[in-house]
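Letters A, B, C and D mark the chains as written, and numbering starts fresh at 1 in each.
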């Protein structure tokens, strides 16, 4: 997959580190994946696995310091975003690549009218007057199902779901080619989650936008994504099409994730949680980072780092045990 | 969809017990806080062991050797009465530090109690207490201190009360704010539903849980109090001679600032060092205690 | 909003009343006899007694308090100064502009020096700029202002001869007092701006703005600063109150006849009306400034405005 | 040259008038006060010559030579400029420049010269007649008559702020220029002068027309007109060209008006005095701190004038019944233990003189010989002997020392504390604000030792009266001793008949032996001025009269 030259977005060997109080936190450790135009790619994993860091690394909006992109390439249409001048990068942010943030409650400037916040990004990337930008912003509001009259209201006057719509409107305002959706529904009520998700999906289809959907929620991923990667401790542990992963989950962590999720269609005796805690990212276990929690682990797993290997066409997995089973 | 809540539930377990350790660790990683802490410790040691450190008694006069610049015998020179300035500074740390500590302690005990009551009970109690605080706060602090110290007369305890009085408002407001912040949290409601007495709830639950901001505020205000004490001495109020309080030493020597600068400079440096140290420590504590400021 | 202002203005009444009673009681308790202070040291006990009678000092506490309050409420009369033999109100109005001038210039210095210093520090967090500006700020807080004042005089007036060392004959005369007095304020302002800025810079909406493709400068000016200014405004308000009174020392060093000197003189000569009235005046000014601060807050922050509206509604139900 | 001559002329003419006007009423003490004596002695013989100088030719020369402006620092705001209110630090500094009085006393113990009053005489028992000039006009053109004088005195007496006026029974105008004064008892030395020189004379009409009773804009007959008063900051005076006293023979020292414009500047921070001088903001300053003085003394751009203060810093013992300090040996032991010369050097090096009584050579009647007599010079051995004789043992006594909270009092208190420590007496210092000090210094439970400053009027018995006069303080001295012999000696020495060298010395010897109060030292007040100021003239309260000072021709040019 990584050598597909036609890829719209290609992330190669991305390494992100944070320095905190003297210790180095390995947030992203050599992640690679690719995304075709118009497709949706899912990044799945527990909180703190490094998914958001990947997305922010693509936009280059990681807080620096403490975060640093140590290595890797992020190719958008063949151009490496990581080597771009900041000035050129600014032209990409919000215009070609935009992002929907996890928490709509805090992602909006509390003392700025919502309409203005949308108009701001439009004005920034288009040579139009303020008035035109505001008219555009009104249209965007309508598009996400908010009456344009609420243009002059402030974020605190909106509910969580409405705020997320505003953020979506903002993200889509310049008709970006790539949308990074970072757990867009996590902070929302369950009833609203479906609506918002559906809306994102629809808009994305209508505007033919590529998307990276970040979620720890397998249900969400199942609904939207074409391909997905399972992230554990900053590494891709399994990667493949949605169907492959959902039907033939290979990595013990992926398997664990599935068994921790209650499903309506399958009667399971009980949920099996993954035992133990995610590893301390500043002090990752040697060998397979998952081995302390892995039911299959043996000495071999601790010995050396495990490469990501293609266990079936288009299905990659980072587990020495698995490679033996499959194929 | 309950997704991975099982995982996150486990991760929260250790959070509480290690909080203190976390604060200490963060503090130890902050160089300016450590410098502040070291200076404060040195000052405290100096105060405790003053008789061992000071080469002369602080009130030992030598009228034949007055206003001498620093020399080998008197490393910081002598004052108008021929007393050794270094010895006076060393002994002075006892008064300046204890005035700082005790005035802040006094104001914080009263302020925290009032703040806790106001925040916990709300309603009328809150209104009354906060109006009182408003009243005190609308009289500028130094004026209040001047007026009170005139009413009470000079002396250590009186000066302490005069200086502490104005600082009550800050402790009270901080306490009230943090009590309001935790009032509706589960552990409190659990305690209430367990029929614990109000006093017990306030002392066992409310105060310990709102301690952090008050502690930071208190550390910072020690410096301010020492400064205000100097200001009081400037006006001629405060501690009685021959007590070598630093502020009094400065204001006593300020007319000599040009001919005998050492008489003002050395106590000035020590006041500055002390205030600086407490502020640095306070800044560090604030950063360490504030979860939001986590890097 | 208008209702809120009205309500706040009404709230000022009990606070100022409380201040009045508090300061009146302090002066009642204060040792030292004004009658004795006014007469020569050789005055006989009879003369002193007559003077006390004339000043109304022999009346009971409540009667005196009542008369004082009555004078203020019904005639806006704070009484006469015994030392100046003048209505206190007149002298206060003469002096207030000087104290206010110093306070306002200090606030100005705080804003134009303290805030940028704080921003520089926050933007370069833990960098050299941060460390230098915060060290300056800490020093500013740690130096006694009378010491700074004397040093400034020695340097700028005596050594360089650029500025007058004391007096009130023009703008030039206010420069040194203002610098000396503004030092701690600038330092506080810089520190507050820094920490408030740091908090804001970490906010999600700043990341949002960044993701929009805005430049750092645009983000700073359009998003970070307005938000960071909210707590800074409170400091300005508080600082104003402090400055109004903190000029006591500065006024004394620079021989500026402002309210601070008037007040301390009043305390020393036991001129009760001066002390009471000056404190009430300062308290009024302070509460009024705090009201302005709250209104400015509401003006900038729609959430606070909404709260006012809600409070107002709740008031209706109650 | 001519100016100098003029001054001599004026001094002489004043003396002449003194001799003619009032010398007959006051019997001079045998011992002439030190300072005035020197100038007065030659005057008598040369007086006739001086009067021959024609005044008219002097006037235009004087006009040309006048310097434009002099600025002088004062330590406190005068606050209220009204004529009849009480004294304060700030007021005494400017009153003599603002107002005119019936007479003027140029120096302590010196005689008075006519100002508004042309002459005064005793016309009967306790009755005096005062004749004023008939051409006294204030700056608003009001004619000041005898009625205004009587009104001024009566108003001031009623207000009760000017202490000497308490001795007046009645004062009334007989005609336009004559006033009759009746007093409670015949005056002792300096008594009448005190009454006549204490009350400012203003026009009743002008006073009543003033909205604030002259508090901010007094209208007076003085040679200067107050043109601007910024409370707390400055007072500006301009020389009046229409000053009423046109006869140079009668123009007093204080009404010389040697400069066109006077600006008093309030300087509240002592250290600023030196800076104000150095930066040229003021030309004359009295409050220069001890430590700044050294620089001025060696600086040719400035002249320093050294005057002895009227105040005697003294230590008073609590003599209430049963108090340990009623023991004479103990008091003397304490006095011997205190090293006043060392105290002088420490507290105000070079500007301090140890005392030999309560009072100093400034006061009329002071005897130079006291300075060569022993007065408890520091002697620790003797102190210890006396202490043992008093029946006390070291460590047994703890005394509370009450003092005011100024810096010098603090230093003196600490020295006393340390030195009595040598004797085995523990001292607790209690420094209080002056308001509190004034309140509690007459409370026998407030102190054991009192650090006091005593001044008083013109003659040496005046500071004594302030401490010892048992008629003033409910039958005891101000520090609670009861001593009839002391009182009778004091009564003798302060009477017109009894004020002579023998009686003065008798009192001194008695008080020295009893030592109810121990005179420790007097400070010098050092006035620093621009070197263009040739002579500084002060009133009896030690305040500089800028209009009377002499200036070089190129002063401030």
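One rule holds in what follows: contacts are C-beta pairs under 8 Å (C-beta built on N, C-alpha and C of every residue); 3 or more make two chains touch, one makes a residue touch a chain.
Predicted model, so just to flag it, every value in this text is computed and none were measured.
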{"item": "Centroid comparison with chain C (C-alpha atoms), farthest chain", "value": "A"}
{"item": "Pair exhibiting more inter-chain C-beta contacts, C-D or B-D", "value": "C-D"}
{"item": "Centrality ranking, top chain (CA atoms only)", "value": "C"}
{"item": "Centroid distance [mean C-alpha coordinates] between chain D and chain B, Å", "value": "49"}
{"item": "Chain centre separation (chain C, chain D; CA means) in Å", "value": "41"}
{"item": "Between chain A and chain D, centroid-to-centroid distance (C-alpha), Å", "value": "91"}
{"item": "Interface hub residues of chain C, defined as touching at least two other chains", "value": "31, 150, 154, 202"}
{"item": "Contacts with two or more other chains, residues of chain B listed in rising order", "value": "150, 153, 254, 257-258"}
{"item": "Contacts with two or more other chains, residues of chain A listed in rising order", "value": "none"}
{"item": "Complex interface listing, chain A residues touching chain C", "value": "56, 59, 61, 63, 65, 90-95, 98-99, 101, 103, 106-112, 120-121, 124-125, 154, 156-157, 167, 170"}
{"item": "Contact set on chain B toward chain D in their complex", "value": "59, 61, 63-64, 66-67, 80-82, 150, 153-154, 236-237, 240-242, 252, 254-260"}
{"item": "In the complex, chain C residues that touch chain D", "value": "31-33, 36-44, 47, 50-51, 81, 83-86, 91, 94-95, 150, 153-154, 157-158, 161, 164-168, 251-258, 261-262, 265, 268-270"}
{"item": "Of chain D, residues touching chain B in the complex", "value": "270-271, 274, 289-292, 294-295, 339, 342-343, 345-347, 349, 405-407, 410-411, 413-415, 417-418, 428-433, 436"}
{"item": "Chain D residues touching chain C - in the complex, by the definition given at the top", "value": "77, 79-80, 82, 85-88, 160-163, 166, 212-213, 215-216, 230-234, 265-269, 271-272, 275-276, 278-279, 281, 433-436, 438-440, 466, 472"}
